[in-house]
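Heads up, the next two complexes both have chain A, just with different partners, chain B and then chain C.
Moving on, here comes the complex of A and B:
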């Protein structure tokens, strides 16, 4: 059985090339934009913020799915569980990148006494910002972000370590299984208090500090989770193409595709729930969010977001044969990741940038850089150990799994 | 409505049932159906059933629900009885989405349940022949259709060789029917 993954030369070359593209884009961006006007400077920082937060949150979704499946005692993920483990074990890297960028913005980004991205840094005479300053302040932001990222990184590495320890455990020993079960429960608590509630308020929603939505964190969670499942699927397909993961059959792919399909619908549900309540009550301080996005300069992104993230998945992934077809699911996984990258873009960028947005070489170059980092670090983690979770007590169940 | 002759085999374990199903199919007998006390994963594939078209029916029912809701609400609110809700336009699609969604789910669910009942020949008041009283208790019951090419004794011997605990030959109605079937004269009337 081909249970070891050896990183092919092409993957190394391509991922390094993507990282190089990212670094060159960053340098050119720094030279051309940091000397420009306020919108140039804002564009430089906000694209870094958008990409680092997006990649951090979709890799944390891998830890979440491990914990959720462990609590449900599911076996379908066991055949390829090294993939979410490897993504989760690299959360620390994306966490550090995101923290550095966010701290640069909060503490170092200042244009004539105003922070163009996080306006609440200097509340001034603004009554609303003063009222929110107990939560929205530099100390709270820094402390909360460090604790959040620290906990995520810890759990990502802890889950992988526990799963690897199972390989050397006595046969049919369930001690580690139940240990994993308990830690999963704890992680869901942490995840519920961070990603599903407070963290998106601080990192994303506070780019428009006068506006708020109580549904916002769920909405960002749905977006991150569906693209996290798409990311796992892309890795599984890639490893299968390399001749690894022989235990993974169409049944397992079908399950992953069902997650992509179902959570695309779930994302739309939240997207629409947020939209409809604001549209219906029609209060100026709330509609400002959609005024800018739907009727303002971002209407192209707003509608393409809906088409890419709802219409395409529901029409293409609905039938059973298309969920079991490697080409369709790979294509849709890439579409979903790109679509939710756009979704995060139109969550974060419109507030600070207004009508001065560009989608061009800089945005795509930074995106390429992050993809390169993801490919490099996850492939290295995958190559370190056997891809078959030997001795896992659910291994037999996953081999005979029928979706 | 067709009265047929069946060779019936009862197994007490699904691990015996699966190889038996395989042997029976390989030897060319026609399996009428297999009755199990619980859903056995993979049995439909072992029996060679093609995947069901129930979900296509569900999609069509769902579309019917969507168009019913959108058509009906838009007719009411734009031409039959237009009302002003907070200055919103009469044709306000976002406000109708929840109802449209609910009606889509309702039509799809009810339609699929009825289609499922029809496909499986179960419905309140409808009867089917029970090959063995323990088929809903602890026995896995397989019924083979017998015809002129297969003699009773051959079939029974073959079924015993696959590990059947009990075997029998039964003449029974293959489909469903409405009414009584415990009277011999009804059997004869149908047979005539």
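Moving on, here comes the complex of A and C:
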């Protein structure tokens, strides 16, 4: 069962083409926008921020799912666990990209003494921002971000390394299995203190620094997690089409589709909880967030967000046959990733850009570039080892797995 | 037949030598015997508590709610605290039956029956509090929205308190149906073994004439699937809507968006703790250690440390946001909560819910039965304080310093609370005596994959190479498909 993945020429070509599109877009963007007015400059940076944060968080979801499954002793993922491992092992790259972009914005982006994206960098006479400055300041931002990305990158590589080490362990030896278990517990702690709390406050919520919501980080988690599962599904389908992943059956696809279905609803649950409570209590300092999005210039995105990320998954993925149909699940995975990319867009962009938002060549070009990076580096990692974890303790269970 | 296989790395779910008959024997025979002395002592004590509760409630209804300690500032006290506490406890059962079923967690089969029963009893206890909190309880039917009897007067559909009426009654109904439908095959087993005429008749009634035919099972499975599908969103909805009772308001400490998921996590946390409390005792008294193994207790302790930590993140998030918000009302609410005259309740909550469950990171402690028992009680004390903190310490320092107040419960409130313990344990004692406390049919379903004696025979599979095993599975599938085609 030696299942090696050889990167097809077409994948190499396409992913490099996407990266090229991304770079060209970036260069054109730099030439046309950085010399423009404040909104042009902001657009240049904020689109980079949006994409880098989105791609980083959906990659980290792959580390999270490995940890969660290890703790629950799930065997369903074993048939294709190399995929989340490979995505997780590349978190460092997305992490560095995001860090570079965020540091450029925090430390270098300045328009006449104002930071148009992270307004808190210069609190000025704003009493509220002054009050938050013990948390919202450059040092705190840099420290939290570096530690967070460092830990994520470490765990992503550690998990893959442990899983590969199992291949050389004696048959049915459980030492690494339990070691993985313990590290997974530790990762959940790290994840809880980063993605589920502090990180989204600093990176995303602080683009509208007067506004706050306690649920915010959990909401970003749901969004990132469901798109992370969709990303895994796309890779599994792709590899399956290449003739790899022989152990993956419709049962396994069904599981992934169930995750996309269930967590789309979970995302909606959090979406509703946050929206309804703010709407109901109707306090101006809170409703300002939705005022801008629902009734302001972003209403198209606001409603699309809900339709794409809730109505479509619940209607299309509800039935059992649709969760076992390769075309349907692939289509829905792409929809979900796009939908949550939009969701992140409308979390990050409205604060700084106000009514001057765009969804055009620059936004899509940068997105393409990130997709290209994801395709290139994950496929390279995948090609390095056999795709079947032959010596995994739960391999035989995944063979008899029924969804 | 699908190949019965489970990895050796998993602990058996049923220990020692068991076959189908032995399973029936072990679980059903306590029903057929006379209960021990301890059962009578416990049962009578519970009934006595229940009667004291009835007395306290009658007193409150007769003299009015002025007999309680609640006042104008602190309008919700022990009553609503206890309501939320009991509803929260009533989450574990359906979570185990529905959500763990969806996540294919095999260990649920050992504990689901007792947990579901416990859920139903806890929801019954919870329901008492809002009803008697109405004061003029004879007007209680006003919460039901039916037309043409009260002129233009309708319940306020915009109020989460009304949503609660629907959420909890729906949850109760579905949980009861789910529980009962699972009991039907087991009741039939009791009936078929019955030696006395009366027992045969009553369990015959209770089992709805179940005969165990393929058609019976097919319908049973279909029903279970529908109910599990309904129960899953319901588990989330109940405590979500309970949290709306607070979070839709504009009261600092109540109005916070994290409440819905955090209430659900806390509910699961306390529910699992209550399941532990009950099962640690039940397994001992009914000699069910081979079915409710240390592995089961450990699994639940893992859920407890997970949900306890989630709740911990939520507490810290709330605390942080009260500062971050820059809103003085928020900041003051948390200052009074932590450092005011009720400081002890906040710190009791933090210690019991967040700090002490962290001990469950240690495997030895997760598998230690006395420690598990003590922790299960600590957690529920902590969760009671959580509700007390949310309710009382958000209210007692309100917007007008002149109306600041302090609240202590009066004896009818305490009696009411004790009475619900009486109700809960009376029901549980009856359940443990007359009902199969473990789902016999479901244990049989996992026995041949997860029973210790069956797992021993799987050693041959463990030694097989992956290729051989895969080949075997594939030919197995192929042969079934052939049969199906014919």
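We take it that the second predicted complex is superposed on the first by the 401 of 403 C-alpha atoms of A that agree within 3 Å, B and C clash if a C-alpha of one lies under 4 Å from a C-alpha of the other, contacts with A are read in each partner's own complex, and residues count from 1 in each chain.
By our rule, a residue touches a chain if its C-beta (ideal position, glycine included) is under 8 Å from a C-beta of that chain, and two chains touch if they have at least 3 such contacts.
Keep in mind that what you see is a predicted model, and the values were worked out from it rather than measured.
Superposition model on chain A: chain B and chain C are shown in a clashing arrangement. Between chain B and chain C, the partner in contact with more residues of chain A is C. In the superposition on chain A, A:402 contacts both chain B and chain C.
Of the two partner chains, chain C is the only one touched by A:213; chain B is not. When both complexes are overlaid on chain A, the residue A:318 reaches chain B alone and has no touch with chain C. Applying the stated contact rule after C-alpha superposition, one finds that A:280 touches each of chain B and chain C.
Once both structures are laid onto chain A, the chain C stretch out of 19-27, 343-351, 361-369 or 397-405 that overlaps chain B is 19-27.
Touching of chain A by both chain B and chain C, each in its own complex, is seen for residues 276, 280, 402. Residue ranges of chain B in contact with chain A, taken from their complex: 41-42, 51, 55, 59, 86, 94-95, 97-98. Of all residues in chain C, only 2-3, 5-10, 102-105, 233, 236, 240, 244, 247-250, 255-261, 302, 306, 309-310, 313-314, 316-318, 320-321, 324-327, 361, 461-462, 464, 466-467, 469-470, 473 touch chain A in the complex they form. Listed in rising order, the residues of chain A touching chain C in the complex are 1, 71-76, 127-128, 131-132, 135, 172, 174, 177, 185, 188-189, 192-193, 196-197, 201, 210, 212-218, 247, 258, 262, 265, 269-270, 273-274, 276-278, 280-281, 283, 285, 388, 390, 393-397, 399-400, 402. Listing the residues of chain A that touch chain B in their complex gives 272, 275-276, 279-280, 282, 318-320, 402.
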